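Take a look at these structures.
Note that chain A is present in both complexes that follow, paired respectively with chain B and with chain C.
Up next, the complex of A and B:
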């Protein structure tokens, strides 16, 4: 059995893990990062393609939270985590929400100035920038539809670099923070799944790891560490903690942005290479409206959700859009003994379903205004809308048995704060009831923020990693 | 009667075929408004309103339908909006509360903003506040929210949309919070209630000292017209109710007195149920609603034990609210209205 010693073990290499690793490694600490998924070169799969989904998403992109209706979810499983596959849209934590979290969960050091400082720091690392030229047609349709209705819409900046004359580069963790961490001495090891954490006398001392060798065989590895920081995302972080015997405040209170989609047909071909940077913000924070990855396969999948069984010949005139909501509901993550994947459940409320219907109707209005000729909702038996008058039928058609829901944003399964009973970790991510163990990823974010959560995750992770660094130095 | 100073020359009324709507539209028609654009659910409701006044201009449609709401606001720049469309007792499914009360409010706010409407008067409820902690307690406008079940949650979410629209300058909004109505143009459920009280079959739950604020529809219409013009009103919320809450036992006694004053004899005694019956009903209601279902009788029984009482001081002070009709007179008017429609009491 192989053994490894380190000062800090970081479990997971996504937005939370990479931020933690770079902060500590550049701060002069000895860091090992373990990633369950493989290393995939950033340009190997075409961006936003089904090939990318198969290579870099967990279960090839098809996991589901149980419930009525179930909610399909997707999360990255590769070095860099979901930052390798997401849209890269960047949105700071809405200030009003951060203040509410600070009071509700009694979070220390969560003042607006602190969050702004860390958000600014991370934005510098990540080259957050707007599109250099005009937005493509798929994105402009959102802006145009909103404009005709007098609605607010925003072109969001993204974590992209646009080299002169070169190809746009999404600033994923494998391009930004992980190389820096490695440059500062961190060891990043892919294909290494942490089975459980080692504990002795109330202190976490390391982890038992199963590593897949390049030849396909596996070996068990014991990593001993003074500090362990778990950054496996809102599903796998609580599952690992539960497998390690930590259950209080862990895995309950899962939050997400339930999302419903439609396929719009336009009179002419539209672009398919990118995800639209425009969002309709008129209904925020309750409802976010935007565009999805829309390559041929995505269009076929989304049409199949509505009951169609073939990709139409004119698929190039089609594009997938979505409405995502802030949800009243909550869910749970429960590690199942012997199973690699935990049980995830989520209870969509009537208020949620209504908000999803409202979002889809409003999305439909904007797209019809923007010139779409047909809207196919991801609703079994749903009306294909051609005029604004058709949209109202969706209210009754969207119910628990017909709606196809999905999400790419999962949070809040190990909430942070001093409030007893409602949090799984303290204000800095230190897991309650044990020493030497921190969480530093989406699990800490107290609620689904109504916007892409990557900025929130990295901001909080940078702040918490600094806190650990200070502790190690003193 | 001519339009009051500050009142808009036109009005848009949603829920115009409903209990409040029919009272409100008649009052507006009596004020010489040039046009009263009304959203109603059926052609029959439209016909009933059209005969009231030539100024009434009904649009038949669903408040969830953006096309209908667009039509409702066509050419209505500067209009006052009375948003009264809402579901209080859904047919069977809780979803309807959210679709209509929240989704509908979203559409109407959007229509009003795009049309360049004037003041937006939003009809809310006591339900975002739940029940008072003690029989002597009165809700003020600053009391904390504690929404009662799905209806309360839907009305609170609707208020949130209205407040947000006001704060970002989309509309100039006022929120009015009426409790339990009584008055003419009542729905079938209220006629049944009057009949049951007359025959001595409506139970008191507990000892009958729990208090309920109620509002005569005419008093509520008066409150709305005050809020339309009051300078202090935009961005504010007001309780609009009869001056004082009533002990539940007094409500039933007054209804019976109203019947006698109208020459209709009453019968039976006063049946009583232990307070526990109301507690059990509320638990059953909660369970049924969490499964997405709604049973009106259980919901009502669950609320009968509670004190739901508010203080109208702010409306009196800031918008000149001065409700003219008493409980006895309002109940007598309701009884006369029922008889004029040939409804069996």
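Up next, the complex of A and C:
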């Protein structure tokens, strides 16, 4: 059995883990990062392709939260985590929500100016910038439809660099923070799954790890650390904590953005290479409206959901759009003894279904205004809408047995704050009831933010990593 | 992947191209192997029930899947939808020029 010693062990290398690692390593601390998935070069697989799903997604992208209806979800499983496979859209935490969370969960040091400072810092690291030039047609359709209806729509910046004359580069963790962390001395070990944390006298002292060698064989590794920071995401962080005997406030408050889609047919061909940067923000933060990955396979899946011909000849005139909601519902993550993957459940409420229907109808209105000729909802037996009058039928057609829901945003399964009984960690991510252990990822975000959560995760992670660094220095 | 699951994949594929069928089958097999264990156990249990129904009643597999998809019980509906989704996505993405 191999042993490894470090001052700080970071479990997970996504938005939270990489931010933690770079802050601590550049602050002069000894850091080891363990990542369950492989290290895949950023350009190896085409975005949203089958190859990317096989190489970089957990479960090939086929996970589901059990419930009525179930909610399919996807998350990254590779060095860099979901930052390697997401759309890279960047939304700061809405100020009003941050204030609500600060009061509701009694979070220290969560003032707007503090969050703005860390958001600005991270945006500099990640080259957050708008798309140069005009937005593609698929994106402009959202802006145009909103404009005609007198609604607000915004083109959001993304974590992209646009070199002059070169190809746009998404600033994933393997391109930005992880190389910096390694440059500052951090050791990043891919293919290393943490089985459980080691505890002694109320203190976490390291982890038992199963590492896959390049030849496919595995070995057990024991990592001893003065401090452990778990950044495995909203599903796998609580599962690891539960496997390690920590259950109070852990795994019970899972939140997500349940999402419903439609396929729009336009009179002319549209782009299919990227995710639209425009969002209709008229109904934010409760309902977010935007565009999705729209390769031929995605269009076919969304068409098949509604029972339409999944392989139309004019598929290049089609595009997939979505309405995502902030949900009243909650879910659970439960580590099951003997199983590598926890059980995830989510209970959609009637109010959620109503909000999803409203979101889909409003999305439909905007797209018809923008010139779409046909809308196919991801609803079993759903009406194909060709006029605004057709959209009214969706209110009755969307129910628990017909709606196909999915999400790529999962949060809040540990929750930060001083509020006793409602959080799994304190205001800085220190897990209640044990020392030497912090969480620093999407699990801490107190509620689903109603927007892509990467900015919220990295902002909070940078703030908490600074707090740990100060503690180590003192 | 269980034998009935291979048969389901082939029942859902239109193409006669054996190489393409094999590639799609391998894709679906990879997805099923990589599923969360508890979900996979549920799918396998349903596959055994589908096997029994298919063999005992002699029902055509395509018709059986269509009937399952119309069933009011969510768990029954989900089975053909899962396979249809995996086959459809694999079929198109493995056949088409990358996009």
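Basically, the second predicted complex is superposed on the first by the 471 of 474 C-alpha atoms of A that agree within 3 Å, B and C clash if a C-alpha of one lies under 4 Å from a C-alpha of the other, contacts with A are read in each partner's own complex, and residues count from 1 in each chain.
Just so we're on the same page, a contact is a pair of C-beta atoms (placed from the backbone, for glycine too) under 8 Å apart; a residue touches a chain by one contact, two chains touch by 3 or more.
Every value quoted in this text rests on a predicted model; they were computed, and no experiment measured them.
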{"item": "Which of chain B and chain C A:164 touches, first, second, both or neither", "value": "neither"}
{"item": "Touched partner set for A:149, first chain B, second chain C, both or neither", "value": "first"}
{"item": "Which superposed partner A:355 touches (first chain B, second chain C, both, neither)", "value": "first"}
{"item": "Touched chain A residues, chain B compared with chain C", "value": "C"}
{"item": "Partner chain(s) touched by A:474 [first = chain B, second = chain C, both, neither]", "value": "neither"}
{"item": "First (chain B), second (chain C), both or neither touched by A:340", "value": "second"}
{"item": "First, second, both or neither for A:401, with chain B first and chain C second", "value": "second"}
{"item": "Which superposed partner A:69 touches (first chain B, second chain C, both, neither)", "value": "second"}
{"item": "Chain C-contacting residues of chain A that also contact chain B", "value": "400"}
{"item": "Chain C - residues contacting chain A, complex", "value": "27, 30-31, 34-39, 72, 74, 77-78, 82, 84-86, 88-90, 92-94, 96, 98-99"}
{"item": "For the chain B and chain A complex, residues of the former touching the latter", "value": "62, 64-68, 70, 93-95, 97-99, 102-103, 106, 110, 113-114, 150, 153-154, 157, 292"}
{"item": "Partner chain B, residues of chain A touching it in the complex", "value": "149-150, 283, 328, 350-351, 353-355, 357-358, 361-362, 365, 387-389, 391-392, 395, 399-400"}
{"item": "Complex contact set, residues of chain A against chain C", "value": "46, 49-50, 54, 59-60, 62-64, 68-70, 272-273, 295-298, 300-301, 304, 310-311, 336, 339-341, 343, 380, 400-401"}
